[in-house]
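Chain nomenclature is as follows: A, B, C and D, assigned in order of appearance, with residue numbering initiated at 1 for each chain independently.
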Amino acid sequence: MTQPVLEAKDISKRFGATQALDGVSFRIDASERVAVMGENGAGKSTLMKVFAGVHQADSGTLTLKGEPFTPNSPYEAILSGISTVYQEPAFFSHLSVLENLYMGRQRSTIGWLNTPAMRREGQELLGRLALPGKLLRRLMGELSLAEQQLVLIARAVAADAQVLILDEPTSILTDTESERLFTVVDELTADGVGVCFITHRFDELERMADRYVVLRDGKLVGETTDADRDGLLAMMGGRELAPNAAMSTSVTPDRVGADSGTVDQAASPSQASIGSQTATADHDQVVLRVRGASLESTFDDIDLDVPAGRITGLYGLVGAGRTELALSILGELGLDAGTVEFQGKPYTPAGSRAALTRGIAYLPEDRKTQGLLRHMTVGENLSVAAMSSFTSTGVLELGKERSLVARWIDRMKIKTTGHNAAITSLSGGNQQKVLLARLMATQPKLLILDEPTRGIDVATKAEIHRDIHALAAQGIAVLLISSEMSELLELADVVHTLHEGTMTSTLSGAQITESAVLRGATGSLADAVSTSTVGSESEMGAIS
Amino acid sequence: MISGILKDRRSALIVLIIIAIVAMSLISPYFLQINNLLTLLQYSAVVGVLALGQVMVILGGGGGIDLSIGSTMSLSSVVFGLAAVNYGLSPWIAAVIALVAGAGFGTINGLLITMLNLPPLIVTLGTMYLYSSLAQVLAGGVDITGFDREGFRTIGQMSVAGVPFQVLCILLPLGAVMAFVTRRTAFGRNVYAVGSNDVAARLAGVPVTRTRISLYAISGGTAALGAVITASWLLNAKSTAGVGLELQAITIAVLGGAAITGGIGRISGTLLALVLVAVLNNGLQLAGVGSTYQIGLLGAVLIISMLVRARGQSKTLVA
Amino acid sequence: MSAPAMTSPSTTPSPEAPDPSSAAQRDARLLSILRWIQQLLMPVLLVVEVILFTVLSPHFMTAQNWTNIAINSADLALIAAGLTLIVIMAGIDVSTGFAVGLIGWFVATGMADQRSPILVLLTALLAGAVLGLFNGLLTVRLAIPSIVATLGTSAIFQTLLFALWNSTDVFARPVFPWLSGQSRIAGFPTVALLVIVVYLILHVVLSRTVYGRSVYAIGSNAEAAALTGIKIGRVRLTAYLILGLLIGLAACLYSARIGVVQASSGGELTMLVISSVVVGGTSILGGEGSVLRTLGGLVFIAVLRNGVVLAGVPSLWNGVMIGVVILLAVGINGLVVRVSRRQRRSLT
Amino acid sequence: MKKITGAAALIIAGAVTLAACSNTPTSTTGSPDQTGSGSSDVKVAFVSQVEGIPYFNGFKTGGERAAADLSITYTQTGPAKADSTEQVKILDGLVSQQYDAIAVSPLDPTSINSSLSAAASAGVKIATSDADAPESERAVFVSQASDEALGSTVMDELAKAMDGTGQFGIVSGSADTATFNNWIAAAQAQQEAEYPDMELVGGIRYTTDTAQALQEAQNLMTAFPDLKGIIAVPSTAIPGVAQAVQNGDAIGRVAVTGFGSPQTSGEFLESGAMTSTVLWDVEDLGYLTVWALNQLVTETPFEATNEVPGLDQPVSYDEATKTLLLGEPTVFTKDNYADYDF
């Protein structure tokens, strides 16, 4: 335990305007298990990617077993004994599990594959993770998400690593699968391997790690061996930076019956400026009613009511089926069973286009791949869904378009040089505002927001939160899908929790507490032991 | 602002065209003569019309490319010939039939590509064989002649105020219409949105499939238009009318600034690229450089124009 | 690392949801049927084709005719094998035909000038390597989409051939007598054996070596491949080099077979090569395919081209059949992808 | 921008280099631009069917000889591939270069018509040579030999080799070339009239290149094992067909004749894969064409029989069809092909 396997000193890394890592010093000893924790965008994944050679630090030094270590590529890092399972799975869906297991480090003699040996070892390897050996011949693309994850872990385990980095390995695993993983990790550490986890699962902390390290805004803010949830949460939260976005971990705003926001919303300029406030009469009328919605192996028998003027939260871990549920309501994914009613009338989901004309607008989860029209301007991005409002013959009335765009840029306080700016010239937060404005310009009755603040800076996040409040105050029904606890606690009037495709709880008012939400989301309703998390992490902003 | 102008592919093309014109007029004293310039224009009409169709398909993204554009032109030409000769229809009606047929051939491409999610490169490779071979079979391998020529030759042979009819009354209006459609209509906006990011476009309510199918239909229609122009110009319907034109059309589209990945490019750029290629071809023709050398030069121009582009853009891992 | 003995797997995470729903099962069944069709399409079509032509022409099922087919498609086969590597990595090369013509000119001229056959063969291989690497550099290092880059080089190769040819047909005798198609080993045309050897080697390389694995990995997911340390650029360049060398070899066969090099020699090969690869079932989107499939596609097309003549069908129909088969083959691939995607619930 | 201009410079430089070293199929005798040294200002041109094949090289040799004799300027050019559209473009280009007289060997007699009329109305004297466009406004057609004579000669040659009996095949060039079709029709007519024991099998096989011709010939021999002869039509098909006979070890069993230049056929005449090839003295044709163009420019009418200074035999002129006829076809065999340089 004396000699650190991997030691980082003063690591800094900047992406454009974002200081992703700011002077982080960190060590993993041999046979040690370290959990790295922190909120979205805290820099956890970036730090791991510096170790893994994906990113190169702007400053600072790495040492591996006392030797200076500057991996310029993932390959070098792997060769040096740092093995990583990334959060975004990187595998070869056309190839077999066996081929995936050994890609990049095949057993071979002068380029000649020793397949029998790999198959033998592969069997054993899968066995350690309690996977059946016959899986070796299956195509990776045909496996379930959990199986894929386990294969990738097996792959990393097999790499004779000195340091094993696992970025949220258990988020889609069942408890039995997770336990298997921990057993394997135990064996590895017994052999002197250092293991580094990124995790949000407080319930697993003690089983998982010996030491807990907390990052916040790119800085290392604390280290402890005490798995005390509140203490860790306090370190991770560190709310002094952004009082406006104050997360009250225990207090839930109870706004039943209140038309305007409760906290410091009244003074917010955006609230006053977004649209008229005449729609209040519709409040509480159920806009979207879902009954018995099922989609094979995705979600099952979901009932959901989304009332006007309210923010309805939907919480669940990655893979719980939240996004899929939203896409099914839109009609982008099918629906095996169940009924949907919209504004009191039966509604057959038929795709985003039909949904938009009916007044259902969806803000997609992944801004980059599902939201932005990258080669187009801010104005074109903003107006694309509302083109019918400035054309009747198919010919665009550009004057109308300009004023529409200008109005929304102004209302949403989008920081841009204007209509003709390239969308890619905006910061992530402002891009997200454009996408939100895109939806608002269609004057929707129902807004489905899927992770609306993922990878966005704190200040913009607060603005978007205010906007969401204001929209609800106008009478729009909002379905807020989020894996960020603080967001739901702050915004939602009602929170539904999803676990592996089933609705596990519906909480409202004072019932909405972290532990209650988490119990629902982890499916451990019976298990009342304090379980807590801050939500699944994504550092998309940092990558872009 | 100025750097914006300089970065625009079109300004680079204008510079290139000027340089080319100067160079060509030095090489051949006949180059700058009015007659020659008009001839030069005349030949650009057919390939220009095809390039306009091609650029629409490329703009629509999703690996959009139409290798079958030449074959579609051949097949439409045969359809025209059969309608005008075998069925004795007026060439004007036959022309309309050919246009509809061409759009239909394009729609078949579009349906296969969007409905079955197939790579455009391969689908249009398949239909390239299919259409050109069908053209040969239907025409029995020979040209179809003998349709009523009076009046119909207007398209290909007359000129208005010295400017060839097919340029003044077909190519330029078509270019203008397409420029208008792409920049000023909801359909055009949809095209760029689909080419830029089809998933995002779909979620924003853009009819992705319908837009893409329309693009292939347009491409097929322009190919048929090319066939009609050729038929009127040569006064016969050739079953091999479009052979080799797909390369030229793609080259002009890409040279004009259309990104092969979709979503980037302007109709005006395509037209400028067309002028550049026409100037180079015509100048070299006058200088007595054979047409095979022009093909090679076209290839070099294509690669060099991509090099300029590749520098500015991030490299992709996959071809 | 020491691997402590593990107990046999006690818990088996089941990928398919334990409660079977009819929709998913239907999809799964449809998918497996489609996979069957996908696998069997080419063999079945081949058998049907052979039976059909045997019935239609008494001269089809003769040793002489099969020998002709083999000899006439040997050069095509070599290029198609090389192109398969490129296509598995989601690339394409539309310059192969004129590359053959261009190198063919060097071969024919070398032979006409009475150079040593070994020297001519080496020149052809070297020239093939240079052309292949040139394409490779454009697409790999300069990041030009391969379709655009090779469209360009195809035009350039064509022009170079035209310039070198300079209005003079070059008549060539075979580089080595055994390249001519006359030569037999145990009754088999030597060139056919050469093709088989090349295919076996490439098949083994693709399925049994680290390099082959890397090729599939790049085609399947280039970024993930980079993460595992595969040197993507080098692997892709090597593939272009292999293709180039095979083109060099094919050029020797080509000039021996045709006996003359003219201005447009080789041009007809380009699309046939691509068609062979695609009809064989190698996905143009990358990640899957094999040279053996390509061989199947190639045999299908070669037999088709031969059979229609013997059966008295005008050669104008060739394209119709090739086109239909291409669309059929990719259409089934498309269905498989579509159904499997529906199963995986992905948005894109 | 620098890079783009750089690229521009490169492209233009390439173009200029190409133009400068145009040792390409186009060639010009005399100096077209400045010097009128010794030559008069008359400029004539010929548009071939395809650039630079040996056949049209021979034509050029003859044309240049005539131009030198007559002290005029002669240019010959043509498309890279046998493409009638390209041919029309080239013709229009020559008209805008203000040639005095232009002769064309049209690939397609219809599509060239309008350009020919346009040229004629621009004051350019127009002739066809080597192939005709009967409906056009050409002033004269310089005919190498009549289609009938060519067709029957080649059929006679084949019949001689086949003893006037048995199956034979025809491998032609592209289906839409009028001249080829005329020759073949004449050959078929001759066979039907004179050689009833011969039988055309497999129909006419159209091909676009040598490789295809090879394959078609090979398949013909397979499909019809008793095949005794093949007529190969253009110079692109000849090497393919002959090579097929050679590859198939059928020399002596399958006779090959056709229409091809002696140099293209030489190799195979030597090996015996071809028995003969039928054509005409193309150098003489080139010479006659340029002479005729000069006559047109100087507005000298043709006589019924013309003594052309550079040719051995007098040339007849048919007023009704406005056709100058070079003479009878020439049959090239192993013995005499070496005397011809085209």
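What we mean here is this: a residue touches a chain if its C-beta (ideal position, glycine included) is under 8 Å from a C-beta of that chain, and two chains touch if they have at least 3 such contacts.
Treat the numbers as computed from the prediction; the structure is a model and nothing was measured.
If you compare C-D with A-C, the chain pair joined by more contacting C-beta pairs is A-C.
With every chain reduced to the mean of its CA atoms, the largest distance from chain A is reached by D. Work out the mean CA point of chain C and of chain D, and you get 38 Å between them.
Annotation: 43 Å between the Cα-based centres of chain A and chain C. Our note on geometry: chain B versus chain C, Cα centroid distance of 30 Å, whole angstroms. The distance from the centre of chain B to the centre of chain D, with each centre set as the mean of the Cα atoms, comes to 33 Å. Annotation for chain D: residues 25, 51-52, 80-81, 175, 206 touch two or more other chains. Counting partner chains per residue, chain B shows two or more touched chains at residues 136, 140-141, 199, 290, 292-293, 295, 297, 300, 307.
Chain A has residues 332, 369-370 in contact with two or more other chains. According to the touch criterion at the top of this document, the contacting chain pairs are A-B, A-C, B-C, B-D, C-D.
Touching chain C in their complex are the following residues of chain D: 25, 51-54, 57, 80-81, 175, 202-203, 205-212, 214-216, 218-220, 222-225, 236, 239-240, 242-243, 246-249, 263-264, 267. Per the touch definition, chain A reaches chain B in the complex via residues 330, 332, 351-353, 355-357, 362, 364, 369-376, 380, 384-385, 387-388, 391, 394-396, 398, 438, 442. Within the complex formed with chain A, the residues of chain B that make contact are 184-187, 189, 192-193, 195-197, 199-207, 259, 263-264. Chain contact summary for the complex, chain A toward chain C: residues 54, 73-76, 78-79, 86, 90-95, 99, 102-106, 108, 111-113, 115, 124, 126-128, 130-132, 141-144, 146-147, 150, 160, 174, 176-177, 180, 187-188, 191, 193, 294-298, 324, 327, 332-334, 336, 369-370. Remark: chain B residues 6-7, 12, 15-16, 19-20, 23-24, 27-30, 33, 35-36, 39, 42-43, 136, 140-143, 145, 153, 156-157, 230, 233-236, 238-241, 243-244, 280, 282-293, 295, 297, 300-301, 304-305, 307-308, 311 touch chain D in the complex.
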